[in-house]
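Both of the next two complexes hold chain A, though its partner changes from chain B to chain C.
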Partner chain A sequence: MTIEANIPTLPPLSAQSGNLRPILEWLARRAEPVAISLGAILTGLALFSIFITVVGKSPIDLFKLMYTGGFGSWFSIQNSLSRAAPLLLTALCVALPARLGLVIIGGEGAVVLGGVAAAAAALPLTGSVSPIIVLVVMAIAGMIMGGIWIGMVGVLRHYRGVNETIASLLMAYIAIALMNHFIEGPLRDPASLNKPSTTPLPAEYMLGSIPGMDVNWGLVIGILACIVSWILIEATSFGFAARIAGGNVRAAQIQGLPVGRLIVGFTALAGSFAGLAGMVEVAAVQGSANASLAAGYGYTGILVAFLARHNPLAIIPVAILLGGIDASGGLIQRRMGLPDATVLVLQGTLFVVILFCETFYGRFKIFNPDLWKRTA
Partner chain B sequence: MIVQVRDTPLPQAGKAVGIQTIGMTMRFGGFTALDNVSIDVPAGTFHALLGENGAGKSTLVKCIMGFYHQTSGSLSVDGREVSVQSPRDAATYGLGMVYQQFTLVPSLTGAENLVINRTHVPAIINWAKERKDLAAFMERMPFKIPLDRPVSELAAGEKQKLEIVKQLYLGRSFLILDEPTSVLTPAEADEMLGLVRGMTERGELTVLMISHKFHEVTKFTDAVTVLRRGKMAGSGLVKDLTTKDMAAMMIGDVKLAELDTRLPVPADARPILVVSDIKAPDRTGLKMIDIGNLTVHAGEIVGIAGISGNGQKELAEVLAGQRPPDAGSITVKGALYGATRQETRINNVRFIPEEPLNNACAPKMTVTENLAFRTFDVKKEGGDALWLDMKSMRKRAASLISDFKVKTASHSSPIASLSGGNVQRAVLARELTGDVDLLIVSNPCFGLDFSAVAEIRARIMKARNAGTAVLLLSEDLDELLEMSDRIMVMSDGKLVYETPALSADISVIGAHMAGHH
Partner chain C sequence: MIKLLPMNRRSFLQSTAAGAAAIGLSPSLFSTTAAAQTALTVGFIYVGPKDDYGYNQAHAEGAAVIKAMPGVTVVEEENVPETVDVQKTMESMINLDGAGLVFPTSFGYFDPHMLAMAAKYPDVQFRHCGGLWKEGVNPMNTGSYFGYIGQGQYLNGITAGYASKSKKIGFVAAKPIPQVLQNINSFLLGARSVDPAITCQVIFTGEWSLAVKEAEATNALIDQGADVITCHVDSPKVVVETAAGRGAFVCGYHANQSPLAPEKYLTGAEWAWGNVYTKFVTEAQAGTPLGNFVRGGLKDGFVKMSPLGPGVSAEARTKFDATLAEMMKGSFSVFKGPIKDNKGGDAVTAGQTLAEDAIELESMAYLVEGVVGSTS
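Let's look at the complex of A and B:
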C-alpha cells in the first residue's frame, strides 16, 4: 500500500539530513535488488532443503557437496566458469528484449541454429585460410543466424501482433528440427556413425583456452558481451529509447520513437548473442554441430536473466553461480546417489521463488525512499 | 464479535442512517494524513466533502469504510459508537461506497452483476425467481436501467446509476459517492444527482459525496465539510455559504493562477494543423472515424467536444502516430506530417495525452528520466546524441521541477509515486518548455484539483497567446467554453457542428453531442 497520493507538500528537510539523504536514497535504491535477490535465493535453498529432507538425504551434506563441486577447488571453479560461459550469452538473449517489455524464452533455437551456421561456414574454409579468419567468419555466421531467428520473433511481434513468448518457444522446436535435418542430411559427416554430426573442425582451428586456465575463450566473449550490453542500455540514447518503450510503449509512440525498429533491433541483437553461444559451443567444445547443441543453455539463460533482473552486469555473477550449481550435479549424483536432475529441481524452485519475489519491490520501507519519514 | 451481516437480497424500503466521526486522526509513519476531523452527517441528508487532492478526503472515507484503521478517533452510526475493522463490518451497518472507477463486470448483465455481488450467493441461482425479485426491487427504485443488457453496452450515466442501485440492492442506506459525475455528461450528472437527492429527501438514503464541482454542491447538497491538508477547514449549510466561501476554505490563502487575457486571433493567422479527409478504424474495428476538415491556426484554441467514445481518442491517436489512418492527410505548417520524432521535432509539435501517467510516462522510470523523454537523444549544441548525458539530464530535470513546482519526494523517485496533479505538471514541464507551434491536448484536467486545474489552463492559455496552435479534446464542456476560440462537436466519429465559443449555445452543443443533428 502506498500513501504518496495523500502527501500534500514536502516539508523542508532539516539541513543535516538534507546532506545525507541523497546518499542514503541512492544506497537504498541500489541495495533493494541485491537484498531481494539474495532473499529469494535463500528462500529457494530453504524450500529445496525441505525437498531433500523428504527424499531422505541431508540438505547440509548436499550444500557442502554443491560448494565443493562448484567452487571448492581450482578444478571445480574452472568447471563452473566453463559452464557459465554459454549462460552469459543466452541470458542476454532474454535480458535485452526484456528491457523493451518482451519476454523471449526461445534462445535455445538461436543457440542451435547459430551453431549449425557456424559449422557450415567453417566447412569450405578449413585448410585454406588461417584459423583466426575461420573463427571470425564462424562467429559472424552464428550471430547473423541467431539474429535473424530471434529478430523474426520481434518482426512477428511488432508488425503482426504475435505473442513473442509463444512464438519464440515454438520456433525453438522448429530450430531443433532444422538442426536435425541438416546434421543428419546435407551437412552430415559420413564418418559420424552413432551420433550424426557435421565434419569436425581440425584441432588447430578450435577456439582455445584462456592462458593458464582450462576454460575456453567463450567466458571472455560472454563477459565482454555483458559489458557492451550494459553500456548500450544504460549509457546510450538507443538504450534509453528502449527503456522508454519497455516502460510504456504508448509514451514512446507519442514521443515519435521508432518502436518497431527498436524491437526488431534489440531482438536481433539478443538473438545474435545466443547464436554466438552456439558458435562457441561448436568451436570450443564440440568441434562440430550435433545434437549436443540443444543442451538447454537457452532455457537456463532464462533463469539467469530473471535472477539478474535483466541487468547485463548482474548476469555475470549470476551465470557463474548457476554454472556452479550445474557443475556440482555430477558430484551430487556420484556421492549422494541422487539423480543429477536434482539440480534441475533446485533451478526450478529458485525460478518460481524469484518470480514471486518480484512482487516485493517497493514494499520495504527501508529500500523505498518515497515512504521515508519526512522531517517537518 | 458476532456480526450479523445486513445483506438481505431485497431489503425493505430503505431507511437512512446517519454517521458521525469524532476526532478522526490517521498517521502514516511520520506523516499525518488526517488530523482530528469531526464531521456530522445526519440521516437523510446529502452532504458534500470538498478539498483539494491530498487534503485527506479519501483517507477519511477509507477510515469510515474500514479500509484503514484510524490512529485515533471514533465513528458513530445513528448515535452509537461502532468499530469498523473492514469493509464487511461497514456493510453490516449499512455503509456503502461508490468508487470513481466502475466496479461492474462489463460482460455480465446488470441483473447478473447485482446478484453475484451479494455476500451469500446460492451455488445454483434460480434466475427466474431472481429476475422476478429484481423487477419488484426496481419498481421501488427511482432509477430506470435496463438490467437485461450486458454492462458494456450501457452508457456511462447508466453504469453510474447501476453502481448506486447495486449498493441499494445490497442493503446500504448510507452511501459515499467518490466524484460520481466525473465520467458523465452534464445532463446525465444532473439527472443522477437529482434522483439521489430525491431519495435523501424521502429519508431513504444518506449521502456523503466527494466532489470538485461547486455547481453540483450548491444545487444538490444540504451541507458541506471542507478539508485542507488533513484538517477541518470549515463546514456549514450550503444555503449559508457562497461558492467563494467554499473555495477560500479549500485552498486557504493560496492564489489561484489566473488565465491571461485572451489575445484576439489575427485574421491572417497561419494554419498550423490541417487534417483532411482522414478515415481510420476505431477501437472496436467495426466503425470508422471520418474527419472531413479540421484546421487549427496559430494562436487559437480549437476545442473538440463530445461524449466519451465518439472517436476523440482515435483522432488523438491518429495525430500522435499511434493509429495509422486508412486514407486522408495530415499537414503541419504546410508539409505532410507522419508523427515521426524527426517531424515532431522540426515542427515543434507536442502532445499531452489524457491520463498522462499511462500515456505519456514510463511509470517505473524516475522523474528525472521521464522529464528527459523529449531531449535525451539531442546534443546540447544540436545533432543526434549517441551517449546519454546524465549530468545535464539531472540539471535540466531539477530546473523543470522547480519551474513547474512539481512536488516529488526526490528526483529519482519513480514517477508513479507522484500524485496525479504532479504527474500532469511534470508532463507539462516536459512538453511546454521551448518553442511550441502545435499543441494537442486531451482532457488535461481530468481528476485534478482546483489549483492544479487553474494552473494548467493558465499555462495552455499562455502558450496560445504566444502563438501556439492548440487542439483541445475534452469531455468537460465547461473547460471547452472557458478555453476555446472555436468549438467543434464530435459525434459518431465525425465532426458534426462548429461554433465560435463566444456565441456558443450549450443546449445546441449538447444536442449535437447526443447525436441530434
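Let's look at the complex of A and C:
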C-alpha cells in the first residue's frame, strides 16, 4: 500500500522565475496515477475487444452501445448515476480500512443490517414526528448498526488476531441470515405474504429525488461521504496516523500511535458508511427492509475501491464509470443478444489489468523526478 | 395522450426494428383508428439467467413464443436485481427501445419498482408475474398474471408416490411463504393419494437461488432415505443433477429439466407462459384493453406437465392420466377436508373443499400432516 500524500503540493514561487523543473516535477508526480489508470483501462478495453471479437460480435458496436446506454443522453446519465450512488458508500467501506492495510470484503453485511436497523427505527416514529426527523433517526440507526458490524471485524482483528478478510466475509453471511430472521419474524409486515418485508414507509417519509434529476439523494450523500473521508485521511492527524499504521504497524506502535483505536475507529466508520447505504436503499428505493437489500452492492464496492486505489475522491469517478457500465449492460443484452455475463467479463478484465498495473508505479522514469538527470 | 418521447433521443438507433416498433406502438395500443399497423415492442426482465432451467427460463420460453408473432419485437434483460436497477431497466426499454408493453417477471419487481414506472409512464402497459394487482389501488396500465401450479405439484406427487420404495420423499424449498408451502403440501398430498404412509421431508434454504445450499439440502434428504426429490427454488438445475447423481428420482418444477436427468426425471410442473403472453400481445395489437388480473391453472393453459419419463410405471401413468383428466374438467380439488397440519391442528376442516383459486390458499401458513419440517 502506498502512503504517498495526495495533497497537491504547489511548486515554490521560485519556479515561476524561469526555472521550469519544479513545475515539471510536480506535473510528473501528479500525472503518474492518471496515466497508469488510463493506460490500464485502455488495455482492459483492448483485451475485452479481443474477447468480443472471438465470440463473433463487433467491439466497435459494443463500445458505441456502452456509450449510448451509459452516458449518451440525459436519461442514460441519470441511469448511471442512480446505479453509482450506493457504490460510493460501499466502496468507502473497503477503502477506509485499506488505508490501514486491512482488506474488508464483507460490506454487504453492514448494508443489509443497516437497512434493517433503519427500517426498524422508523417503525415507531412514522405518523407522530416529521419526515426529516424520521430520516435522520433512520440514518443514525443504519450507521450505528453498520459501524458496530464492521467495527467488530476490527476488534477481532486487533485484539484476537482474526483475519479481517475472512471474518468480514463470513459475517456478511451471518448478517443476511439475521436480516432474513428479522424480516420473516419479529419485524414482518403481516400483509407481506410472499415477499417478507417490514412495514412499508409511508410515501411522505421517503427520501426523494434530487431536484431536477431522477436520481435519489443517495448520490449526494455518497459524494459528501467520499469528500469527508478524503479530508479525514489526507488532512487530519487521525488520517495521517492511520496511513502510518497502514504502512508499518510496528513503526506506528513504536511511535506510540494508538493502533487499536485506529483500527476499530476506521472499521467502524467504514461500516457506518455501508450501513448508511442500506438506510438509503430502504428510505429512497425499497420503502421497507426485505431480501432485495442483499443486491450485491457491498461486493461491487470492493471492485470500486480497488479500482480507485482506495482514494476516496477517486471513488466518485470510478463508481460512476461502473454505474455506466452496469447501465449499458442492459442495452448490450437487448441490442446485441449477448448474455449478462458479458459485462461481468469486462469488469473482471478491468479489475485484473488495473491490479496488475499497480506494479508499474515508480517504474517509469518519466514520472519519477528523482531519476532525472540533474540539470540545475 | 400519445407520447413520442423516445423519438427525439434516437439518432443513435439502428433505423430498422426498434424505430419502426416505436412508431407503430401508439396506434396499436391506444388508438382505435389503427390500420394494419400492429408493430409492438415488448420488454422482458428476468431476475436471474434466462437459461437457468427454472423460473427465468420458463418466462424466456414464453418470450420466445411471442417473438415469432408478426410485428412483435422482443427485448430481454437478465440478472436484473430488485433495486433501482430494475426501474432504470424498464425506463431504458421504454426510452431507448420504445417498449409499449413490459413484463417484469420477478415477484419483487412489483412494489415499489413497477408501480413507480407505471406512474411515470402512463401510456405504457405493465404486466407483472404474481397476484399482487388490486383493483382500485393499482393503476389500470398495470396488472398481474399468475398460474395455479399446486395441481401440477399434486401430479408430481402421484408419480413420486409410485416411484418411491422407501416411502420417503424430499422437497428442497426456498422460503416458507404461502406459494411454496402450497406446493410442498400438494406434492405430499399427491403422493399420499397413492400410499397414505408416505412422508415428505422438507428443507428450506432461505434463498431463491443458492446453489451450494440446494446441493447440501438434496444430499441431506437422500442421506435420510428420501428416494424422490422435488423442489421450489428459482433454478432446479442443482437439485435435479445432484439427486439424479445420487440415484434418486426427481420431479421437476418451473421448466422441463428432463435433459439434465433423462433416466431419473419422472415429470414436472411447468409454466406455460407462452399462452399467457400470446394473449396479452394479441390484445395489445388489436387495441383491446389488456386484462388486469389474469390467473389460471392446468385447464386454462397457464400450467403444463413435462412428458412422463421412463421411471413412471404403467400403473402410475393410469392414475396420473385419470387425475389430470379430472383437473382439466375443473372438478378437482387438492385440499379436501379433513386435513390436519403437521402440528396436530386442523388445516382444512371436514366437509370443506378448497378450489385452486380459493382465497384461503393464498395465505397458507401450515405444512400438512405427513410433511416433516417446520415453517419457522
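Note that in this section the second predicted complex is superposed on the first by the 355 of 376 C-alpha atoms of A that agree within 3 Å, B and C clash if a C-alpha of one lies under 4 Å from a C-alpha of the other, contacts with A are read in each partner's own complex, and residues count from 1 in each chain.
Note that in this section contacts are C-beta pairs under 8 Å (C-beta built on N, C-alpha and C of every residue); 3 or more make two chains touch, one makes a residue touch a chain.
The structure displayed is predicted, hence computed values, not measured ones.
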Partner chain in contact with A:369 - chain B first, chain C second, else both or neither: first
Partner chain in contact with A:132 - chain B first, chain C second, else both or neither: neither
Touched partner set for A:54, first chain B, second chain C, both or neither: neither
Partner chain in contact with A:23 - chain B first, chain C second, else both or neither: neither
Which of chain B and chain C A:240 touches, first, second, both or neither: first
In the complex with chain A, residue positions of chain C that touch it: 9, 12, 14, 49, 75-85, 87-89, 91-93, 95-97, 107-108, 111-112, 130, 175-179, 206-207, 362-363, 376
Interfacial residue positions of chain A with respect to chain C in the complex: 64, 68-69, 72-73, 75-76, 79, 82-83, 177, 180, 184-185, 193-196, 200, 216, 281, 285-287, 290-292, 295-296, 326-327, 330-331, 333-335, 339-340
Interfacial residue positions of chain A with respect to chain B in the complex: 2-10, 21-22, 25-26, 29, 234-241, 243-244, 246-248, 250-251, 253-258, 362, 365, 369-376
In the complex with chain A, residue positions of chain B that touch it: 28-31, 33, 52-56, 58-59, 229-230, 320-322, 339-345, 351, 353, 358-365, 369, 372-374, 376-377, 384-388, 407-410, 412-414, 417-420
